[in-house]
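Right after this note come the structures.
Two complexes follow with chain A in common, the first pairing it with chain B and the second with chain C.
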Partner chain A sequence: MSEPAGVRVLDDFAWDEVWGAAKGAAAPCFQCGVCTAVCPWGLVQKEPVNVRRLIRLAQLDADGWGEAIWLCTTCALCEVRCPRGVPVSEIILALRRLAWERRSVPKGLPTMLWAVHWDGNPWDQPPSQRQAWAKGLDLQPFTPEHEVLFYVGCTAAYDRRSQKIARSLVALLRAAGVSFGILADEPCCGESVRTAGQEGYLAEVVAANVRRFEEAGVRKLVAVSPHCLDMFRSHYPPWDGFRPLHYTEYLAELLDAGRLRFTREVRGTVAYHDPCYLGRRHGIYDPPRRLLAAIPGLMLAELPAAREDALCCGGGGGRMWLETHAGERFGDLRIREALGTGAEWLATSCPFCILCLEDSAKVLGAERLKVVDVTELAVRALGEASLPHPALSPTGGEEKGEGAPVRGAP
Partner chain B sequence: MIPSAYSPEAARGLWVFLEQEGGQLEGVALELLGKGRELAQARGVPLTGLLLGQGVEGAARQAIAHGADHVLVAEDPLLAPYTTDAYANVATQIVLDRKPETLLLGATPNGRDLAGRLAVRLRTGLTADCTGLAWEGDTGLLLGEVSGFGGGVMASIKCARHRPQMATVRPGIFPLPSPDPERAGRIELVPVSLEAGEIRTEILERVRHEGVDITRAKVLVAGGRGVKGDFGPLTEFARLLGGEVGASRIACDLGWIGRDRQIGQTGFVTRPKLVVVCGISGATQFTVGIKAAGLIVAINSDPEAPIFEEADLCVVDDLFPILEALIAELKRGMP
Partner chain C sequence: MKALDIIVCVKVVPKPEEVTVHAETRTLDRAQARSELNPPDMNAIELALALRERHGGTVSLLSMGPPFAAPYLEVGLAMGADRAYLLSDRLFGGADTLPTSFALAKGIEKIGEWDLVLCGEESSDGATGQVPAGIAEWLGCSQITYAMDLALLPDGRLRGEREIRGGHEVIAVPLPAVVSVKLGVNEPRFMDMERRRSPEPVTVWSAGNLGVDPAWLGFEGSPTVVGAVWQAKSPERQRRFLEGMPQEKARLLAEQIRAAVSPQ
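Let's turn to the complex of A and B:
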């Protein structure tokens, strides 16, 4: 059958497939194009990612979405703007799932998924090293008697830079007198599996983890990464008493309860970068700001695009495992914004954000701006007396290479 | 089920297809010899190399030094460049004559091309693009780990009733074995009957991309932001060591060196015997690219640099005077 030029015929099978994969989520879209207009790729590439068209393709037939589906950082900027409430990134992940079936996926993702499968983490590191970040800290294995489970997550457990966040958080929890434990065989939450579009494998990961958490008697859980938090809050079936929190929420609670106190001055100005998975995904804008504001001597500056408007660091949606060309990284724009505020610190509360922003700061030669985690500034504000372990002191005493909680601050 | 061209009972031995280019074995062929040696030993069978080409005597000896017990050499001028028809016809004939139990090929463009042809002609199964190989405990069958990860599938694939059990293996998965020039082995010339008329393609011109492949380098000298734009001493040092220059992502981003030399998470994962890391802080995104290196030497002026956690030898100093001294020393030792 031949069609007149320019006429496309819907492929019924493909239609069912895409419709089914995205669970009909694309239906409400009325093609206004707001998503395309706000998508940050338009800021770094000549051609913006035509998000509207992707949604149209998902409404109609299966072909022609191309490479664009792998660019999405799932930052949700388009979602908070969409007048029809279309879950754009969910639809894009559904298209990724179909791309796997068609075997057209970017290099790097299969390796990452195999690492999750064999070693329980996307960083391709040996499971035997999962506790290495906590060397010398004498952490306890979690029991139901503990107030909280400290869920470290793969990045803070393995990535050298991010390990410092986990160690700072330990110092803060101890200073507040929180009883907490960690899981000796902490499993990967599955976030990288989800954003890679591996829905089937994700279901296995989630089911195994829920069993593991229930057996261990996990109720209140404190996560380092907003990405893990999002998994537990939005993609795990809720169970009785399960209350996953981001550390900024939990520390703010401790602050309110008078258990955590910042007594030392930290002089300077800090700008705060809202991680997408904390802010837009879970509305957690205030707790990190409250923590920073509670530090004596510290001034808070806002970036031009803050809170709901915040620009993504570029590391979400599986982009940590894919190369982004130099000059096309959102982090560069964010660093320029931060330099414009005159702040000496750019603080954030997500390991992916830290990695992307710090890398951009180096590439741009932004030497006077230090990228830090909120915990790293908070630890500096603890009184000396409340520092329970020499290895955690912000001014040294650490063994070489164990990752000081704070380094490089002026 | 259609049976294979010969039965499991008739099949013997482990073979590796030795892909060569201009008489030089491809890296993956050497890697397969290393892994093949291990698999052959575990099974108590000899390791046979299958080598097609013209003027490949040297490559045959190289294969023995790298672990082959026996190399079957098919020489013919028509086999000098790789063509699908010539290689498929000759290889099919030899396999049908000798009946190997297992046949491994590198998952290079030519290896993939040939493997598919052979599998169809021999009516056997092919596990493509493996990232791991092992013998299954009770059955002794070859298990190919397939990293397709497509459609949610993760699989170990075996071929139970057809022979040879065939697999293509991704380059860079297995380590390069160290050659032993003293190793003894048998080189056997096999007769080739090949007519020019069988080959339906004609090679008009061969264009080689003059790029580097840092994943194959035995020695790497890697530079980062600490190199401050001057890769000169690193290049000189690498040349004297017979190695290649690699880089951190930042060094590539800043345009100091080509992207084809980026080591790491989103660059290349390398496995050199020696890597000298100069002026690189040691972010995890970089170190994943060198963790399989034999020996890691790090030169960094910051004693707190995380790279020292990974390094076997740590030099806390400015990299430039150190490299200068090393270069002078190496040059002195040369005629």
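Let's turn to the complex of A and C:
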């Protein structure tokens, strides 16, 4: 049956499917289009992602969303702007779930899921190498007597650049006298599974992890990645005493308690990039800034789009596992913003952000701007007594990481 | 065109990077290693499922291994396979490629209805590539090895494309046939979680179920003698960094490569 141009015939089967998947989340939308207007894709592509249209299709429970659903970085900029509080990324992820059922998913995503299944990480790296980042650090296996579980996460464990963040954090926790341990067989939190839209498999991953954490007696957990934090805080069933924290929150607590002290000067100016999953998702804007402000000699500059307005690096929502064409990377815009502030450092507190921003800095030839993690500046401010920092030792030093080279994205 | 009944032979293998070699017993130590479905077998399953989508029919999985292999077959069932069979018996243990291909061929005969057997090109632990060809010989049927793609021709023959040096070779064989599938020719679909939650039971057959002489099976039936086994040392990275402008770095790099590859 053909239909006149501009007329869409609704399909009853799709109606049930889409309504069920999005659980009616699109209902409050009154189609103002603010979401489309603020979507960062409009900054890098001629046509913005028509978020309003996607939501309308979801309201009508109709097909036709196409590939646009895979572009969303789930940065939540549209969500904080939406006058009706529509959970746009939840709807996008629901549509991705339907795309899996219809076997219409971008190349590469099934392979990433298989890596999580066989290897326990989305980076397609051997499980036996998960602790290679900690070589020479003599870390303890977690026991319930420890103050915190240091949850490293797949990216900081395997990606060579991100391993330096984990090593810096170890130096900081030790300097503050924190007793902590790591899980010998640390499981993947499942963030990449969730953002890929594989809700069914996610349930399996989460159930296994909750069992593992409960058996180990995990209560206070400190995560390197805001993406892991988001999983533990918003997508795991809470259990008695479970308190997941981002390291910036925890280090700020240690600072307040007087356990962590920055005594060495670090001269220069730093601009701070708010990771979407730390800022907009969990309102953690101040702890990283307090850490940077506590470093003697360090000046803090704000990027033009900061805090709730911050521009995404481009790595969220599963985009780490998909190719983003040169010239369409949000990171490029962010690096230009940072260059405009005159800062020497662009600091952030998310491994995905570091990878995307550092890539953009390289592509743009922004050599005078160094992309760093907050921990990497903080570790420089530790007093002489706590030197040498493992993070700055030759094996964990400036250029070299440990373990097998990481393939794939970014 | 008729529907295709396909049997995919799969193997549960230890992840290669986690296996250590026992010099004394001349065997692989798999105790600490995580296992997985042999990667090219995943490509074979994907190809089988794609052929079933095109032509109809069934996809069955067949494996030989210890009982712990059953959950791995369930992974293949969750991908979409209709049935799974596991040949599991101490008598199968210690087999080289001769009794392995023999037992699998007997398993295929016992399954009965089949037009096409798919295997991965080789296993990531044994890496001989002999089993698919062995199965074809035992079954006395045509074979295509290292196939990249398959299609059913209107005359009922199977068309296979294989990579050869400098090009592609296209051949057609009559069915039934055994085909080994090249690693990485497709992206294996992920599990369907509905199927994952309620897997079909895996049928387990012992050596007795196959009705064959035990002398043809396992260690006893294996003519291979392992003379020695040792672990190859991976080269130590030298971590040398070149300094200078890109042109200068390129010149230095070329110099070092030349020095490294030129005959002494």
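By our rule, the second predicted complex is superposed on the first by the 379 of 410 C-alpha atoms of A that agree within 3 Å, B and C clash if a C-alpha of one lies under 4 Å from a C-alpha of the other, contacts with A are read in each partner's own complex, and residues count from 1 in each chain.
To be clear about the criterion, a residue touches a chain if its C-beta (ideal position, glycine included) is under 8 Å from a C-beta of that chain, and two chains touch if they have at least 3 such contacts.
Keep in mind that what you see is a predicted model, and the values were worked out from it rather than measured.
When both complexes are superposed on chain A, chain B and chain C occupy overlapping space and clash.
Residue contacts after overlaying the shared chain place A:Gly85 against neither chain B nor chain C.
Looking at the shared chain after the overlay, A:Arg103 reaches both chain B and chain C.
Of the two partner chains, chain C is the only one that A:Pro127 touches; chain B does not reach it. Within the superposed three-chain model, A:Gly177 lies out of touch with both chain B and chain C [touch as defined at top]. When the shared chain is aligned, no partner comes close enough to touch A:Gly136: not chain B, not chain C.
In the superposition on chain A, A:Gly200 contacts both chain B and chain C. When the shared chain is aligned, chain B and chain C each come close enough to touch A:Thr111. Of the two partner chains, chain B is the only one that A:Arg161 touches; chain C does not reach it. For chain A, the partner with contacts to more residues, out of chain B and chain C, is B. Of all the stretches 25-33, 115-123 or 223-231 given for chain C, the clashing one with respect to chain B is 115-123. Where the contact sets of chain A with chain B and with chain C meet, they give residues 100, 103, 108-111, 113-114, 117, 198, 200-201, 400. Chain A contributes residues 100, 103, 107-111, 113-114, 117-119, 126-129, 198, 200-201, 203-204, 399-400, 404 to its touches with chain C in the complex.
Partner chain A is touched in their complex by these residues of chain B: 131, 147-152, 154, 225, 249-250, 252-254, 265-267, 282-285, 287-288, 303-304, 306, 308-309. For chain C in complex with chain A, the residues that touch the partner chain are 15, 17-18, 32, 34, 36, 42, 75, 187-191, 193-194, 196, 239, 241. Every residue of chain A that touches chain B in the complex is listed here, in rising order: 100-101, 103, 105, 108-111, 113-114, 117, 123-125, 158-161, 198-201, 320-323, 326, 355, 359, 362-363, 400-401, 407.
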